[in-house]
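Several structures are given next for inspection.
Look for subunit A in each of the two complexes below; its partner is subunit B in the first and subunit C in the second.
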Partner chain A sequence: MAEQVKENTVTLTIDGVEVAVPQGTLVVDAAKIAGQDIPVFCYHPKMEPVGMCRMCLVDIGYPVKDRNTGEAVLNEDGTPKIQFGRTLVTGCTQVVSEGMVVVGYSEKVQQARKDVLEFFLTSHPLDCPICDKGGECPLQNLTLAYGPGESRFNYDEKKKNLKHVPLGDLIFLDRERCIHCARCTRFQEEIVDDPVIGFYNRGRSLEITTWSEPGFDSYWSGNTTDICPVGALTTADFRFGARPWEMLEVASICRECPVGCNLTLNTRREAKSGGKMVVKRVMPRQNEQVNELWICDKGRFGYHYASADDRLTTPLIRKEGEFIPASWDEALSLAAEKMQAAGSRLVSVAGGQLSNEDYFHIGQLTEHLGGKAVLYSNMMGGDLTTKVGMGPGSNLADLGAGDAILVVASDLEEEAPLYWLRVKQAAERGATLIVANPRATKTDRYAAHIIRYEYGQEAAAILALSLDRIGDSDLADESFKQAAKAFAEAENAVVFFGSEGTGMAQSDALSKACANLLIATGHTGRPNNGLVGVWDKGNVQGGWDMGLQPSATLFDDLKAAKAAYVVGADLAGDNPAYKQALAQAEFVVVQELHHTATMELADVVLPAQSFMEREGTLTSGERRVQRYYPAVPPAGESKADFAITAEIAAMAGKELESVSAGLVFLGIVGKFKDYADLDYQALAEVSEQWPIIGREDLYYGGTGYANHQGLGVLLGTAAGRGEPVLIDGFDLPDTGVDGLLAVPVTRLYDQGNNLRYAAVMFPRIASSYVSLNPADAAGLGESVVVELNGFQVEVALKLDENVPQGIVVVPRSFGLPISAPTPVVVKN
Partner chain B sequence: MNALQHKYAKDIEKVLAKYPADRKQSAVMPLLYIAQRDGGYVTKQDLVEIGEILDMSTTEVASIVGFYTLYHDQPAGTYRIQVCTDLSCALRGADEFLENLCENVGIKVGETTEDGLVTIEAVMCLAGCDKAPMFQVQSPEGIEYHENQTVESTLALIESWKQEKED
Partner chain C sequence: MSIYNPLPILKGLWTTIKSVVEKPVTLQYPEQKRVMPQRFKGRHHLRRYDNGLEKCIGCALCAAACPADAIFVEASENTDEVRYSPGERYASTYEINMMRCIYCGYCEDACPTEAIQLGHDYEMAYTEKRNSIYTREILLDPPPEGQESTPRKVEPGVFNRSIPVMKDAE
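After this line comes the complex of A and B, so read on.
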């Protein structure tokens, strides 16, 4: 039965299987669709083909046409006559054409593959038994399929090479195993634009090297080990750690930033860990709408915090200044008693990486006790994203020519690496990228328009972008007008707003200005249009959705608190001002994983489970609700955050679900309109994705995992439901100062919870520093004293020409007392 | 301005002027030649500085040095005598010439004379097959072909360099 041939579709035959694919498809991809695998090494479906490895050689024939009539010439039996080429061609560089016949199973092609493989093996060590890739290695599999049982070459002439070359702190290179496919170097250059590894020399002397300082130090480095088709690149934390077939796969979601990358946790039970089930590595899980096949190194390596030795394993109660281990009953009843007694002077602080279920319960308990629940974030606007967010049917991969993306107040790669990547790719597809930021960032490289406003002027800049206000703005040069026009006229438009240099007042104004711009230009309520918060922590959107909000008066709230209930937030470690405030609170309950600076100030400590030990849901910056699963047993007596809160609630006279996160979610579904259509089953639904990965042929997409456990669900928005959306008025914050102005920025590798507990990542975290323009640094040494908000802190000084004059860039969560733009003195 | 820009301000400016500002990476090869002009090789610092001038990563600049045989990442003699030893040259006695030359100069292939004047290297085809034994000399002055050579003629050439150096 002939399928109806759509326009722009090409029908061809691959080893007898007829398949219809879009025009422009490569033969290897067409084969994949047809279920007929053509082996590859250098080809990767996310990168431009280069035809380097020659493994995908196939025989290709084309229908013969009569030169005079243009009609197809037929064989005697009526079938079209096919003319094959003289030589085999690489299927990865060949685009399909109508009537094409691809042969991969002929004697000729099979022989070619054997020959190509034999060449690879002339200098490959075949040390599969000790190789980390063994068991999931394309070269190993293809050697079994096509490789010679015995080498024809002289073993003594085999190229021997270094086997443990650290390209950086996280990635090791085995030069013998490398087959020079350039997947890693192309990934670094083509996909993430961070070409810090490259080829050196040529021919048999070719090798992967880095000449950059400090080596292969890229936020994306781990991905190269996934797509390496041999065991040449391995990660420092997993190498020689386990065999792939020993491990189980458990679905999880990263909470290190608001993107919500899908993860697979590989676990095994091992003697080395006392017979316990442990996570051996974190791998990307395919979600083409979120992280595609990639994750950043923070997501890949940061998880070690959860298996660190210094986890809290038992409740602690402070007695005469010392922490004494206590039973759960004892600790919970003390906490409940004090929290109940505090009444309206109870302050609950919920960290930005908790699950929706945790936030829901913290909100419920605090409300019951009459206290104040605070979301620990410095950003505002989480209510606006529920009104004019991206909405169902959105996928950043759909944005391209005719669309516009505005990134404002964000060093996007530092704040949310995968958003940066997806925005970059949209720009490469032709979307107009407008970057508005006070200093240059990597995102600028792809920008059609760059807007440089002064720190504090972010909301004013966005207001001016609304066409009718342009005349009022100092920024209204030609490029600015073009940017405004491009945004207004774009078919689809998305705004990413971050927290570069903003405190809560600035963030409030900025988010409203952004929402206004979207409404004014008609970019709301449709898929691929709307506002995305590049939140300062992973599940801040979930916190907002569960009814929590940041507090501009958190410092004073804590000082006046009769009881403070701090869950998953290292206030004291992040900012000494909070440390001071918390020290003044009468009674402090800390629910935490580690021995943090905040925990030092606690009266009761409740050990919580890490994300690997429990289940729950998270809501991303795009408002995709995603589900994660338990992978390993809890550390010691630790409990899930929502369960601990429920048990406190029970003692304080409020019934909350304390066992099943799924049942808590039902409560969420019942209470919040946006979540009303959801349940755990819906979140676990999957559909076919392209490229197809994770099947037996490991050579195609790398060793990342296919997604069997859920793609998540994008929440609806008020605008999408056609409800009227009004944005409250706001004041433009005044930031005029004499002298230097300190502004907070976000770094991917910060000193905050929980990254610093991951031993493998610790060396990657900078020591405390501030950045200044060289023109402002006259007379200052390498180490300076910063006077900020009444504190004096000694830090390293970094000179950076991208920092505007008069500005001191201060990273958040580096122990410096900053939560908003503040006057500052820097001295020796 | 980095050290390279200070040292060769005019030369670098001249090279950059040949390329559009948004394609300035194309200047990487001429800049590498400038960098290796005096010392005979490209230092790690040169790679960093050329990367700064052209907005390229150090690794990208280095990969050019690695790919092309006329860029060097190690110090050697002021004059690099690069003798072709490919098949056609070998048939005309290039191998023997190279061996005898090394013996007379007192160094092995790939080594440099004690005075730092001469390095002898064996290289692939220089397209002078019919005039072998032949070599090219890479020096601060550029690249020069010497064809139909004998050991004597080559030693005389080296002697002339020595004279030049002493004068």
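After this line comes the complex of A and C, so read on.
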């Protein structure tokens, strides 16, 4: 073993510090490991080196060997003789070798750095005082550390360029500040495969442009502002919002999708906001097992709903049709009384973005009163992920050659952008990617096997992928056979199932088929094997884990309800059918952040705190439990969801913890086996991560934040504990429809309640539409009327070759009443 | 029996008489006011350029330099339609808490556009605590004779630099 370690590591000296690093490491990375600074601009640890900027120049010496004997030649004092090269070398392109001596502190190197910086500044506007990057700018910092005090260049010959170029709606470019490092263009190309920006012209006229329509059309654009080493790229959202040093940092977790990206919220007290503490920007926080250094633009710019002006600040009680502000006592006792009276006709509906603590309490209260608790989601299978999910020790970054990933019924980038990125990277490392989806998606680009099935046949398609059944399936063609073989033979295999075109029945069958496939091929109970739900909302997995489940009969449940307790779910806004049902419920209690269509139907409204105002835990699709922390004081009299539920419970005769989320979590720990070893401390633990990033290393990893507040913990699974796992039988959903079939799909930028408040994103959110195959669109105009579930809606028509014939693709949360595949009529 | 010695009392009387004819040091404030030395540091002014545009660009470097944390700045974006200062950025909120200020002048040193300067005014008594906050409206100098105030509409593309070219001190 010791031998092997020695074989694979290389020992070198960097500015007097000896360090052992793996073979193949670049000199700049080795320096970071050794705790030495070799400044860089164009190099980024997540991308291939290009050696464009020359900032990393160092002097490198190699031990001299005797040509005849191969022995190291020694100096008179017995130290090995080192031969330095004639010229300086770029440390970002140089790989380490045994005995190498790297010198960064010699006069020669320091002079080179001065010269490089002097060149960079020939046309730099030096307007750091008004630059959003000022204060966290690698160019500013490195110029202070290494730059010349004065320039020999003529001020009047500075190149004047446009300083205010919107690259699309979200990102601004300042052409004068760009140092042509190509980090942004390489990020878009290499990492997220959206090559929509690039260089144009040459030499001093080189500039970044965008050629997409709309400009900079990518879900990842915000990340380029983190890694741009100057203030050339800044966001429209933060623009002049504050200086970096004026803001506090608070750790949080994104809940826009099931990935659970780690965030840092930067806060500041503001006169503009009436002296309130407000969140000024959302930044990525490093978690190499979840989001690495990246977040998508929805997570970065979509947070405004949490601090919107129309937040509910006091409880409201409906009297004679009007909402009258009430005291907490009044409102809670009224709610408690009605809910208690409802008994088994109480229906609690919990939205998909609540915390585990909230779900736990809603479950406890509803159980106590004998009612029915429903998780508001259209996907099934959250119990299966607890059985055959990815267990502890898993990390998508470990998947590579010999492993397989199956993505089924999911437009992964739209449903969970970071999962898409991690899957893409696994495929690039050599993992076999199998994409099974009725229409083409961006994920197809990296797929080794693409399987097309008809909408509604997702479960049948997965069944056909089981090797032992492949013979009996009329679906299975050659592509199935190859994919099935690859999956079965893979060392590790992970299945991501989404909600493309599925309703609850389809999702139930699909998730079971997926679990069966994993069990049949032996891909359960081991790290990096298992089932991942690409849930339709951020914490659906947490809801399932806390014992809540979606209900296929929600519509009827609500209609018959004596009391409905709706927490963080805009049923009426999402679907007019629910609106009708809720209107028939006898008494409606709504716990919400702001005015919603559902709240309009309430008899009692209880103001809840947003995620920025409280703490709690979320469970991701991979079943990683992560903690988020309070960043700003609560709006008005609002309270945390779990606290409100606890106070209702107290009035209804059940004691629940109403103050500390940490204590609620202890209740969860006591009740659910998977959570048994956890507590808030364990969730806050961190360990070293690579690459090293953070405030001292801005030039290296960018302005993303280092993680000091917790990497979270992956939950154990039943299969992992060796318990027998049985999957119930299921019926294949009926798919036969005469005429057109409408299928729901997910878009990242939807018209849901969260994005309703993100003004910068408005131009990027499509207006309501449906898409059709051109062959089905004969005679239809640009705007059509869609008849769906008894409702008529006028929407735009998009023609898309990717949509199979006979299918109408209907995006969710765009004001169209759809939650499952449904017959539809489209007319002019 | 000792003889009374008048000398000490005369000495004292002499001092008294001398001060009676001396010019008094007391100023009859507020009727009379002291002329301040050139380098006296009194309350701040936010200066304007000769064309009337505000010099302050809302960079908050003064706030960063302030050892007493007395300054609070919030920036917003200029447009050619609604322009306060040259360049992209101006201070939409600018407040100095005079109760915290120690008149050290560090803000003046930090300012890249020579916008904030300590002047000679010292009459800043107030009876209400909140009046110790001097806002940008109070601090801003009036525009020079004949110049329009801010915000104003300007010719597009002319005022596109925030920081003026300044010669190094010889």
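In this text, the second predicted complex is superposed on the first by the 821 of 828 C-alpha atoms of A that agree within 3 Å, B and C clash if a C-alpha of one lies under 4 Å from a C-alpha of the other, contacts with A are read in each partner's own complex, and residues count from 1 in each chain.
Following the convention adopted for this analysis, a residue touches a chain if its C-beta (ideal position, glycine included) is under 8 Å from a C-beta of that chain, and two chains touch if they have at least 3 such contacts.
Since the model is a prediction, treat every value here as computed from it, not as a measurement.
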Touching partner for A:240 - first (subunit B), second (subunit C), both, neither: second
Touching partner for A:163 - first (subunit B), second (subunit C), both, neither: second
Subunit B versus subunit C as contact partner of A:356, first or second or both or neither: neither
First, second, both or neither for A:140, with subunit B first and subunit C second: neither
Contacts of A:197 with subunit B and subunit C, given as first, second, both or neither: first
First (subunit B), second (subunit C), both or neither touched by A:212: first
Contact residues common to both interfaces of subunit A (with subunit B and with subunit C): none
Interface residues, subunit A side, partner subunit B - complex: 189, 194-202, 209-213
Complex contacts: residues of subunit C adjacent to subunit A: 57-61, 63-64, 72, 74-77, 87-89, 92-93, 95, 112-113, 160-163, 165
Interfacial residue positions of subunit A with respect to subunit C in the complex: 125-127, 129-130, 134, 155, 163-164, 239-240, 242-243, 245-246, 270-272
Residues of subunit B defined as touching subunit A within the complex: 44, 47-48, 56-63, 65-67
